[in-house]
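One chain, chain A, links the two complexes that follow: it is found with chain B in the first and with chain C in the second.
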Partner chain A sequence: MKSLLNTLTVVVMLAVVSIANATPEQDKESFQRFYTERFPDITMEDFGNGVYALDQDARNQWEAMNDFPPYEDDLEKGGELFNTAFANGKNYASCFENGGGNIRQNYPMFDTKRNTVITLELAINECRVANGEKLLPYKKGELAKIAAYMTSTSEGSPINIVIPNNGKALAAYQAGKQYYYSKRGQLNFSCSNCHIQNVGRKARSETLSPALGHTSHFPVYRMKWESFGTLQRRFDSCNKQVRAEPLEGQSEDYRNLEYFLTYMSNGLPVNGPASRK
Partner chain B sequence: MQAYKLTLKLLFTVMLLVVTSSTVIAEEMDGKKVAFDRKKGNCLACHVMDNGDMAGNIGPPLIVMKARFPDRAALKAQIWDATVKNKISIMPPFGKHKILTDNEIEKLIDYLYTL
Partner chain C sequence: MINIKHVVLIFCLLTLTASVFAAKATKSDAEESIQSAQQLWDKSIAVGHEWNTVKPLVAQAKQAMETNDFAAAVALANRAAEQAELSLVQAEHEKTNWVNNLPK
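Right after this comes the complex of A and B.
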């Protein structure tokens, strides 16, 4: 039965990947259908809760912990940082649409002038540089706190990643998709090996979460980190697990990966920042 | 005198037996360590085996190995590079990617055959 299930998943997974030259829209539909058919009892929204949508015991502990969210102080700090003026008197709000409020759901976006993917974290740092401030380290620290605050202002807004119908944007999307399905590291895993092919199964005591909803709640406050980390910090964790070299924060590969993966969750509400173990 | 010689011989044989059987046990232990150690095989991440703690369920349980894998070479091939048989196998290619040495894999297989 199990091996039959295995074979079935593999077949489904191949169907998810192999539609050569499928449009992003078609990819997204088969991607989301794969999970909703696999887990018919999980609502679209609940996929954003990752492993806690699958594992009731883990969920109970998590919910108890969230009575006093471990990230509250850091989130508040993020708000203060966001609202503190730069030396030149301007502030973050001046760099973003809508004063930076309720925009998380549009990131990452493709900049058709520069022909590259712009993540929220990159945009925050570019805002700093444009105003004569120095770059903050990506992945954690103040930048992650600011991004967490900005994410909190988008609570409930549906993820709305746009892939302009232009060669460069499609190429960025394809590169991210390619990264997701390619095996890497000494242990030879692809992201899809764990989060699609073996979703819901256990690797040792860890339940493997669905990739649908993976980006809806970042930055995440991980108990293991005792701080906020951006999505790309989480990519590092998964890369290290398979003994692959983590990439530079905001490297082109990571930005393209983030673009692909976030597009796959289009329509799901932003529900971050969140806590994870 | 004759009896004494015999006892000596017996003692010697017994000692030899003890020595060889404990190396067998040591080797089995080695193989088990290769299988269980998270930095080595970490087979428990995916396979239920030998009452190991908190085993995963990504791969099939590793049981009655001798009956199921009478051909040692076939078992070795699965461990060496599982992607030969199943292109998208999630099982790490322990030999091909030098995650384990050839010697470790041989010991591991000896151990698997005790399951």
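Right after this comes the complex of A and C.
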């Protein structure tokens, strides 16, 4: 009897370890399957519309508002900034593949030379520094406008995050995954506790959106912010909700989290920038 | 036999001693409490589980210290330390338990 118990314990432990160490591909499949089984009537694409895929009343209001998107001016400004030459005569286009057009779906990417995750926002700022310009603040302002413009040129392109089969890349992915599932803050909630385990339920007066599609439309213009904010600005808002201290923009933990979370939405079309409450 | 009067008396004495001690918080008590809160707070940052309740408590403790309200400084710093300690417990717990939150 005792040995049977021991065997059982080992089997359970192995199962737990194997879920924790599933390959990114397996993770993505079970992550996407969780939502498609839970919401069989929602199309893959519609998950990118967040809470509006679940709540028809909210969606009606949102669609009415989008007849004249609140971000139009800021998006236009982002395009102007993107196309303005640096003091040295070069421009953003010179730093990116394809002149910076239609590339959003490939970010964040893992740089195998530097062994770190490069988000679009980080790449924009590194482009500036390489051309003798000063860093822009992360999370909002001009940087978010430029990123929003670049995102708009990827409209419809499927998210295509690559995780090279190399120890460092897998470690970055794994760190992001562990961040996502770890409880934090005084309220002791993980990201998943709201966006997976309680998806579709209400937290205060807000419906909790599915995490599938969470990254497809950033930067987002939030009515509350009255401006664009990057994905990491949204991480801040969610961290504060559980009374966890937000991290610095482009800190390693946030970049790894963004890497993991965006990979989970691989295959969904880019549909940003977008507006939210 | 225990007399209720004795109990009341002992209780009063205890309260009195406690309040004398509390009132006696000195500048160095306050400094010490703030320092140990700070250390726990730093640890919580290092393990990636900082709670946003700690920073304001430490700031308030420092403020109380500046107005020479050492008892308040000690109390606030102790609350900060307690929060930071709980966040360290959380960090330790999540090292293995995060897997329970995966989609099932």
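Quick note on the criterion: the second predicted complex is superposed on the first by the 259 of 277 C-alpha atoms of A that agree within 3 Å, B and C clash if a C-alpha of one lies under 4 Å from a C-alpha of the other, contacts with A are read in each partner's own complex, and residues count from 1 in each chain.
By definition in this document, a contact is a pair of C-beta atoms (placed from the backbone, for glycine too) under 8 Å apart; a residue touches a chain by one contact, two chains touch by 3 or more.
No experiment lies behind these values; they were computed from the predicted model shown.
Undergrad: Is A:Asn193 contacted by the first partner chain B, the second partner chain C, both or neither?
TA: both
Undergrad: A:Lys134 in the overlay: touching chain B, chain C, both, or neither? Say first, second, both or neither.
TA: neither
Undergrad: State whether A:Lys113 touches chain B only (first), chain C only (second), both chains, or neither.
TA: neither
Undergrad: As a test of reading the superposition: which chain, chain B or chain C, is in touch with more residues of chain A?
TA: C
Undergrad: Of the two partner chains, chain B (first) and chain C (second), which one does A:Lys202 touch, if any: first, second, both, or neither?
TA: After superposing on A, A:Lys202 lies in contact with chain B but is clear of chain C.
Undergrad: Name the contact category of A:Asp253: first (chain B only), second (chain C only), both, or neither.
TA: It touches chain C, and chain B stays clear.
Undergrad: Look at A:Lys224 in the shared chain and tell me whether it touches chain B only, chain C only, both, or neither; answer first, second, both or neither.
TA: neither
Undergrad: Return the residues of chain A at which the contacts from chain B and from chain C coincide.
TA: Residues 186, 188, 193, 197 of chain A touch both chain B and chain C.
Undergrad: Which residues, counting only chain A, touch chain C once they are in their complex?
TA: 16, 19-20, 30-31, 34, 178-179, 181-186, 188, 190, 192-193, 196-197, 239-240, 243-246, 253
Undergrad: Could you list, by residue number, the parts of chain B that touch chain A in their complex?
TA: 42, 44-46, 54-58, 60, 83, 88, 90, 92-93, 97-99
Undergrad: Any idea which chain A residues touch chain B in the complex?
TA: Spelled out, the residues of chain A in touch with chain B are 2-3, 10, 13-14, 186-189, 193-194, 197-198, 201-206.
Undergrad: Which bits of chain C are touching chain A when the two form their complex?
TA: Residues in contact with chain A: 45, 48-55, 83, 86-87, 90, 93-94, 97-99, 101-104.
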